[in-house]
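Next come two complexes, and both contain subunit A; in the first it sits with subunit B, in the second with subunit C.
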Partner chain A sequence: MIEVRDLTINIEGKHITQHVDFTIPRGRITSLIGESGSGKSMTVSALLGMLPVDAKVSGYVMYEGRNVLDASDQEMESVRKQDVFTIFQDASNSFNPSVKMGRQLYAFSGERVGDTIDVFNEKMKLILDQLGLAWDVVEQYPFQLSGGMLQRCMIACAFYVEPALLIADEPTSALDMVLQKEFIQLLIRLNEERNTTILLITHDLDIVAEAAHEMAVMQQGTIVETGTVETVFSNPHHAYTKRLLESRF
Partner chain B sequence: MKSRKALLFWCSLLGLIVFLTVFSNMLAPFSPNEMNMDDVYSAPSSDHWLGTDHLGRDVLSRLLEGGKVTLAVASGSVILSLIIGIVYGGISGYFGGLTDTVMMRLLEALITIPALIIILSFQAIIQGGMWGMTLLIGLTGWLVTARIVRSEFIRLKEEEFVKMANMFGTPVWKILWGHLLQNSIPAIFVVTLFNFAGAIFMEVSLSFLGIGIPPAIPSWGNMLYYAQNDILIGAWWIALFPGIMIFLTILSINFIGEAWKNPKRRRVND
Partner chain C sequence: MISKWVGKRMVMGIVVLFIVSFLSFFIMQAAPGDPAAAFYGGNAQTLTAAEKERITRAYALDRPVAQQYIAWLGETVKGNLGTSSKEGRPVSEIIMERLPNTLLLFSVTMFFIIIGSIWLGTVAGMREGSIWDKGLSTFSIATSSIPAFWLGILFIYFFAVSLGILPSSGSGDVEGNGGVIDKISHLIMPASVLIVTHVGIYARFLQESIKIENSQYYVKVARANGVTESSIRKGVVRNASIPYLNYIAMTIPSFFGGSIIVESLFAWSGIGQLTVKAVTTKDFPLLMGSIMVTGILVVITLFIVDLIMYAMDPKMRKGGAR
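Take a look at the complex of A and B:
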């Protein structure tokens, strides 16, 4: 579905990523793993066409036969609006603190796909119910909910929108172990029920083992290893991957 | 809890002052400009609670009516400076880069000139009345507001929820209004309160110097100006009561502002 070829990003003469190659197959969960500062988030920004203005970028990011890097701002905006949904690290920062959840959930889901508020209410109620959230949350402000609940609200929007691609940028790092597991189960459910393609960015190998089908290991701005999770786990080639696998609990 | 009670006290005091001045028409026992030459410089008594001045006008009535003028000038100028400050600071903070640099250098240049001097010189030229004063105080009072709005916008712009809204293609005006401005309200509120106190002080100072509100209109500053001579002949009540009102008003506004400055009251604070 998305092919990244030879992606190099430069900011003020510094190489953020170099010759990055990997693919995100349709309907699968692909994981991009690497330590902090390895260029994961910048790579994702490049996919979304959201790099800082002073970034110089070369290579290809092919999405449905088009190179995203050449696309105009309007084209990118419509891709971001219609096809992609992004979940960030800390959901408590992803919501506007002075607006009630209901309006924000609508803005993130119903409004994007062009539903009226009534359709939204009906559909969202079902989804929240499935995810174990009471309908009351729509009357509350973000700071009245816990991090785990907010992250579930986020994924509720993803369930609603059913995006072609869901990008989850370290979605679990602000959650405790129990909530992490719950959240990963939800991602898997989204993938299985709605066949959503997911790009899961993380530094946690356990999450990769639990959820992902494919993985790409990133170190210091380059991809050092790609493959299915089984093959990489059973037969790692690169020294960094081996070290990563050894450092698991 | 202690600070809560204190806040409540200062709020009610300010509320009382505002109430008294706003309804001065009904509450004042005499007309503020009604002269009575048989009854000049009479000390506070049951007839005239706060005494009368050199023209036999009732001090209490003038105090209430004058408060209305002073507070109206202060409110008008604060609203004006708030609007200018938000627009200026908002543009500077949101767009950043060269725009921001140029706008901020200009602001710094303006901030170095004391507002009182600018107002003095303009007032000398235009000889403005009440609304002229409001305009002048408003036009010189927005600098700090603009700075605060700018720094809030710069901070909030980097927050994830703003980036998220950007990514979903939320229109710029919606981000400016709903995400940036709405979350800057606590900070803007505090700086506006202090501005309000400053504007009252400015009106009082100018009127006291005799270049503010025209003499026909009573204001707290005007009353103090005319009381200068009266004190010499022992009519202390003419100066004391406006002084107390000014003191209490500015004090309560400052205390309310201090209480609101407390970051615990904010929702986004990092």
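Take a look at the complex of A and C:
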């Protein structure tokens, strides 16, 4: 579905990523794993067309037959609005602190797909119910909810929007172990129930083992290994991947 | 919840007024000169020592300062601000004549400063790196470093002396009927001096605050997820205006200080000019009265700003952190 070819990002003369190659197959959960500072988040920014202004970028990010790196700001805006949903790491700062959750959830979901507030209320109520959230959250402000609840609110919007691609950028690193597990289950459910393609960025191999089908290992701005989770886990080639797998147990 | 909060603010305001009265009363006593001389104004030189002493005793000016303060406080709390030693009229009467002018000047300038700075600050803050952004930074430094009295003199030179289209001073024509047009023509210059010297710095504060808000995490998340630009903007401006309001509240006292100079320059007969006059004539009851009225104005304005902030910031309302 998305093919990243030879993606090189350069900020103020420093290479953030170099010749990054990987693919995100449709309907699968692809995991991009690497330590912090390896260029994962910048790669995501490139996919979303949200790189900082001073970034120089070359290569291809092919989405539905065109290179999104060449797309205009307006085109990218409509891609972000219609096809992609992104969940970020820090759920507690992902919402505007002085606006009630209901209004914000609507902006993230119903408004995007063009639903009226009534349709949104009905549909969101069902989704929140399924995700174990009470409907009262819409009457509350973000700072009144926990990080886990906020991250579930985010994924509720993903369930609502049913995007072609869900990007989850370290969605669980701010959550405790129990919530992490729960959240990963929700991602898997979204993938299985709605056949959503997911790009899961993480530094945690356990999460990869639990959720992903495909994986790409990133180290210092380059992809060192790609393949299905089974093959990489059973037969790692690169020294860094081997070290990662060893340190897991 | 709200009533408790309002009660707390009111108690704080009253405490502030007490401190203001205490400090100004004692500092005033430290000033050189004889308050008894004020009763005779221009003829003070002709007073003999015996006459001075008689006045001093008659008005209890020989008693300890603390005793005088307590007596003054007791009467003030009851609403009696005393009698002006220069004019021989009740202080409250003199202040009530001046108060409408000060309120008019203050509300007109504040209105335009707030409207102007919100508009400029939002336009500049939202378009980072644009000509508006850089232009406002320069404009605000330039205007806020112009002394108000100097700009006032320039204005008088241009509009009153050279062009002759605006009156150079006063708050109403001597022969005028006190109509609206007369008032406005006198108001234009002092108001625009205050507006020009203040609007830039307030706009710049909002601009910076919007820029900071624009780089917040939640804005990035919202942009990444195709939330409409207009609702992102609305959220950003709203959040950025809380520190902006705070800044207004912080600078209100010095704004009143600045308006004293402008009132004196344009002979705008408001509380500011009255305060200056009371100082130069050593008219202590009048000086205390005008300081207290200014203090009350400041406290009320801060209270209103606090109320607006309270309504806008749910964190404050819900008693969360901050």
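We adopt the following convention: the second predicted complex is superposed on the first by the 248 of 249 C-alpha atoms of A that agree within 3 Å, B and C clash if a C-alpha of one lies under 4 Å from a C-alpha of the other, contacts with A are read in each partner's own complex, and residues count from 1 in each chain.
In this text, a contact is a pair of C-beta atoms (placed from the backbone, for glycine too) under 8 Å apart; a residue touches a chain by one contact, two chains touch by 3 or more.
These numbers were taken from a predicted model, which means no experiment stands behind them.
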{"item": "Three-chain arrangement built on subunit A, subunit B and subunit C clash or fit", "value": "clash"}
{"item": "First, second, both or neither for A:144, with subunit B first and subunit C second", "value": "second"}
{"item": "Partner chain(s) touched by A:63 [first = subunit B, second = subunit C, both, neither]", "value": "neither"}
{"item": "Touching partner for A:99 - first (subunit B), second (subunit C), both, neither", "value": "both"}
{"item": "Which superposed partner A:120 touches (first subunit B, second subunit C, both, neither)", "value": "neither"}
{"item": "Subunit B versus subunit C as contact partner of A:240, first or second or both or neither", "value": "neither"}
{"item": "Doubly contacted residues of subunit A, that is, touched by subunit B and again by subunit C", "value": "48, 50, 77-78, 80-81, 86, 88, 90, 93-99, 107-108, 112, 141, 143"}
{"item": "Parts of subunit A lying in touch with subunit C, wherever the complex brings them together", "value": "48, 50, 77-78, 80-82, 85-86, 88, 90, 93-100, 107-108, 111-112, 141, 143-144, 157"}
{"item": "Subunit A contact footprint on subunit B (complex, rising order)", "value": "159-161, 163-170, 178-179, 182-183, 185, 267-268"}
{"item": "Subunit B contact footprint on subunit A (complex, rising order)", "value": "48, 50, 77-78, 80-81, 86, 88-90, 93-99, 107-108, 112, 141, 143"}
{"item": "In the complex with subunit A, residue positions of subunit C that touch it", "value": "216-218, 220-228, 231, 235, 238-239, 242, 312-315, 318, 320-321"}
